[in-house]
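Two complexes come next, and they have one chain in common, chain A, joined by chain B in the first and chain C in the second.
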Partner chain A sequence: MIRLINALLAIVGGVGAALLLYWVLNKLVETFPAKWEERLKPWVFIGPAVAAIGLFLVYPAIRTFILSFANARSTAWVGFENYSDLLGSEAFRQTLYNTLLWIAVVPAVTVALGLGVAVLADRLGPQSEKLSKSIIFLPMAISGVGQATIWRFIYEARPEGEPQIGLQNAVWTALGFDPVAWLQVDTLHFNSFLLMIILIWAQVGFSMVLLSAAVKGVPVDTLEAARIDGANERQIFFRVIVPQIWATVITVFITVLISVMKIFDVVYVMTNGNFNTDVIAVNFFNELFRNGNNGRASAIVVMLMIAVLPVIIYQVRHFRAEEAAR
Partner chain B sequence: MTTTGTTPPPTPVPGEVKPRRAIAKREDAAAPGAGKANWLVKLALVILCFLWIVPTLGIVVTAFRTPDAANTSGWWTVITSPLDFTQYTLSNYSQAWNEGMGNAFINSFAVTLPATVIPIMIAAFAAYAFTFMEFPFRDSLFVLIVALLVVPNQVALVPLLQIYGNVGLTGQFAAVYLAHIGFGMPLAIYILRNYMSTLPKAVVESAKIDGASHFKTFWRLIVPMSVPALASFAIFQFLWVWNDLLIALLFLGPGEKEVVTVTVAGLVGSQNQGWQLLTAGAIISMIVPVLVFISLQRFFVRGLTAGSVKG
Partner chain C sequence: MGRIVLEHVSKEFPGGVQAVRDVSLEIGDGEFMVLVGPSGCGKTTILRMIAGLDEVTDGEVTIGDRVVTDEKPKDRDIAMVFQNYALYPHMNVEQNIGFGMRLRRTPKPVVKQRVSGAAQALALLDYLARKPADLSGGQRQRVAIGRAMVREPKAFLMDEPLSNLDAKLRVQMRAELARLHKQLGTTIVYVTHDQVEAMTLGTRVAVVRDGVLQQVDTPQVLFHNPVNLFVAGFIGSPTMNLVEAAVTGDKLEFGSHRLPVPPGTALEAYNGRTVILGIRPSDFEDADVWRDERLPVIEVTADVVEDLGTEAHVLFSVDAPPVQVEGVDEDPEAGAPIPLVAAEGTSVFTAAVDARTAARIGSTVRLSVNPARFHFFDRDSGRVIRSRPQPAASS
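Our next item is the complex of A and B:
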């Protein structure tokens, strides 16, 4: 109870203090001559926001870059040692490879499944469309930890002879096979794929909602024109609908790509990167939190940033183009 | 009021995919394909929905089963003997609640509420300036914000952990919500600014002619008009912070002040406590976001569309 009151106090205090700050600064600026008032006022309005971004994102990002050239406790410079150690270790190369697998599989499958559901559900009556979409969208609201709990229960393995309480092993043993500890099977990265299924399960709803809106936005005349010209359903889909929703496809793809690159909670809870399922964000967390190695953790983040850079450039370009079209 | 987010919002919404095409949008009711599903389409969707709901169903059912039943037989066996009431119980919830989840539940609110409310106002001021005021570097600053939308939060964590250690913030709720305020800021400004730029400029100009200051215009006109965008961000941020594990684990960790995600992650690790407890705990941790999500889905979808790339 006291904690809740404290939380409310934090809100009231935080909002109140911020309001007071804006009000005082505003009054202060109003005492300046009109010309200066006009010049200074925008900075009063954006000041706190810029301060928050600077303090919590920009400054730490620069510092992370610097720390990646220092040792574990940030007491001495080590040059590129963190990078060469990481890239030289077989374990980290496997981590990178796993992350690449995630990147190669999850965004594409999520977009394809989402588009499939969007197009299929579009043909249902309004009630069943709503219902089926809600069911597929719901995992989106569940935390990564919750998602992992749910799927842990699917992949759970019990020794032979005991009743299986995990769904996958129940089906598997019913087919006459011996139970398998699925999450420990790393042949061909099988367990990594099992983890990917969780993220796909969680993200298809998002992909479906965006793509569904885009599909519904395709002008009917273009579809009718194609039909009159004798196009079949498949041709209409690939030649008329897909080109018109391509921008949304890219948006969804990039969004899922970003969440895949920094996938943490699902892997952390399911395997903590063991059994050769490690990915870059889990590796980062363990270097920072368990090993207390600031240098290596920073170097991992810098590599992640380099990987994200093309997406950032795309994002900025896309924004500029949108602004120009406004 | 439950909408599935299937109907795109009628007003042009910030960051929405292809808002300009909204003009040519066909009416939902009159969708030419609607109702024309053949049995194959229906079957495919029924199978998909079944596959999507079964995993969740597993933990929902297990959370109501006695420890004995949960640990010795699959949850699906309730289908064959649904009337065997000896296998059901409600005590898993009370046990999970008393063994840490109740505490964590309140902690989650203590972190999530400030992290949701405080950034809204700060971002609204900034978004107003970006939309309606002229100042040097305005466009470059905004491009920086757009770029930061995609930057993973991990980029800030190593130095923040050091700074928090130095000022004694580690282990305080403030450590987590302050970080979330910073991390959520680019998205908040982006959503609000995009929304505000769809508002008629004439409103602001006529207010100016009437002698209203920017401060007044902001409070009396722009904030009330921006409520849908404010709500979108609030819901997005609420779900994001409530469901976050990484930052809570790093800055609060397990212990007296742990939040629900950390507790459940701990329960997964210590399975000797039994599945019935883990599943009940997981459901307690999910109930708030799922309710928020279901009741406010419309707003959430807009926030999602605009800010789903959030790092």
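Our next item is the complex of A and C:
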């Protein structure tokens, strides 16, 4: 109860303070000559936001970049040692490889499934369409840790002889096989794929919602024109529908791609990067909080940042081009 | 052979909406058949059933000498031009026109040759590399027509192809369509709500109302001999003046006006009853400009005078109950607007007279009218009362 009141006070106080700040600054600027007032006023309102982002995002990013050239305790410069150590280590290369595997599989599969569901749901009646889309969207509403917890129960393994409470092992043993600790099977990165399924399961809803809106935006008469032009359903899909929603496909792909590059919660909760399932973000987390190696951890995120950057630049450009084409 | 035959075709949409009822229509090879009617009358559904985009609930569709009722659109050998052009936005003009041929794996040189042939005929050669978004409305329309042309189909189906163009372009494209039809000689089935388009383009025109064919004939016959009130009210611009008139002996009475019953009219059975009298605005004339001594004259007070330059429309009230033809006034494009709201029991008449008329608002105008051109309709059935009695009027 006390906590609740505290939280409410914090919200009211925070919002109030922000309002007060704007009000005071605004009053202050209004005392300036009209010419200056006009010039300064926009800054009054975007200034605090810019300052907040600078303080909590830009400064730490620069600081991280600098620390990536220092040792584990950040007491001495080591040059590129953190980077060369990382890239020289077999374990980190494996981590990179795993992350690339995620990148190669998850965005493509998520877009493909989302598109499939969007197109198929479009053919259902309005009621069943709403229902099926709601169900598929539901995982989006669960936090990453929650999603991972649900799937832990699916992949759960108990020693032979005990009742299998994990869905997959329950089915597996019912078929007459011995129980398997699925998350420890790293042959051909099998366990990594099991983890990817979780993220795909969670993201298909997002992909479906955007693509479904795009599919509905495709003018029906272009489909009919194609039908008369002699196209079969497959040709209509690939040569008339998909090209018309291509912009949305790219947007969804990139959004999922970025979240995949930063994937952390699912892997952290399920395996904590063990059994050869490590990915960059989990690796970073463990370097920093478990091994206390500031330098290495910083170097890892700097590499991640550099890898994400071109994707984000492409996304912004794509978005702008999209807007311009409108 | 591009003959299209509909036999007792009906369409009921899920939910029980009966869009088309028992339509039988034969469209000859090379004919330009226009389906016209107010919005929602089922004309587009008829077209879509010919195309195979809508399934036929009942009846049979024949194209050429093949029954195609259950065949897919692509197997019917027809091409369609849509109201919103339905161009593929991600393809340029060349790809749009050639898409159908590419789907059929037509050899590339043939595709190229036919596309440029169509582009030339439609003055699109300079735009082949452009995307639809970079074209004007008229150009998009021509691309849509080009896409249909290269298919060399048995028939073109056109769904209000001109309705998205501005008035000037519409007139121009109308002429181009007429020329194209003459040049290609292919059967065209053309849907429009604009009776002017129907009259100017159609070899024959089918008037549709509430999913039922009213009359199928040449524009001239529709204009001069409408079979019922609906066709009479729908065809012609400005619309036909319709009013209830009492028949007493050889006199017709409506409002304060009395006119002779024209000879040869089968109105004997209606003596002492009321009929619906229809007079085309163009059958009036200002008696002070053109005086034909043989014609009777009525005196009216002009409520509105619209001088169009070539002719003038004199609107006047007649003190007799107006005749409502359901569906006619709903048409947004139906010729001259009727700016006056008729008071209860008063009809608004339009007379199209010579522009030299001296009629001004509020002035008294003497209008001569030719009773031989009167149209009479039965008040209950709305059917025309023919000059010579016939056993049963066709619907």
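A few points about this structure:
Rule of thumb we're sticking to: the second predicted complex is superposed on the first by the 319 of 326 C-alpha atoms of A that agree within 3 Å, B and C clash if a C-alpha of one lies under 4 Å from a C-alpha of the other, contacts with A are read in each partner's own complex, and residues count from 1 in each chain.
The rule is simple: contacts are C-beta pairs under 8 Å (C-beta built on N, C-alpha and C of every residue); 3 or more make two chains touch, one makes a residue touch a chain.
Fair warning: this is a prediction, and the values are worked out from it, not measured in the lab.
After alignment on the shared chain A, the placement of chain B and chain C results in a side-by-side fit free of clashes.
When both complexes are overlaid on chain A, the residue A:294 reaches chain B alone and has no touch with chain C.
In the superposition on chain A, A:240 contacts chain C only, with no contact to chain B.
When the shared chain is aligned, chain C comes close enough to touch A:228, but chain B does not. Once chain A of one complex is fitted onto chain A of the other, the partner contacts of A:4 are limited to chain B, with no touch recorded for chain C. Counting the residues of chain A touched by each of chain B and chain C gives the higher count for B. Contacts of A:219 after superposition: both chain B and chain C are touched.
Closest C-alpha contact of chain B with chain C, superposed model: 9 Å.
The contact surfaces that chain B and chain C form on chain A in the two complexes overlap at residues 219, 224, 325. Those residues of chain C lying in contact with chain A across their complex are 51-53, 72-74, 78-80, 82-84, 86-91, 99-100, 103-104, 133, 147, 151. Listed in rising order, the residues of chain A touching chain C in the complex are 219, 221-222, 224-232, 235, 239-240, 243-244, 246, 325.
Interface residues of chain A, counted against chain B in their complex, comprise 1, 3-4, 6-8, 10-11, 14-15, 18-19, 22-23, 26, 30, 39, 41-43, 45-46, 48-50, 52-53, 55-61, 63-64, 67, 74, 117, 120-126, 128-146, 148-154, 163-167, 170, 201, 204, 206, 209-210, 212-214, 216-220, 223-224, 247-248, 251, 254-255, 258, 261-262, 264-265, 268-269, 281, 284-285, 288-289, 294, 297-298, 301, 304-305, 308, 311-312, 315-316, 319-320, 325-326.
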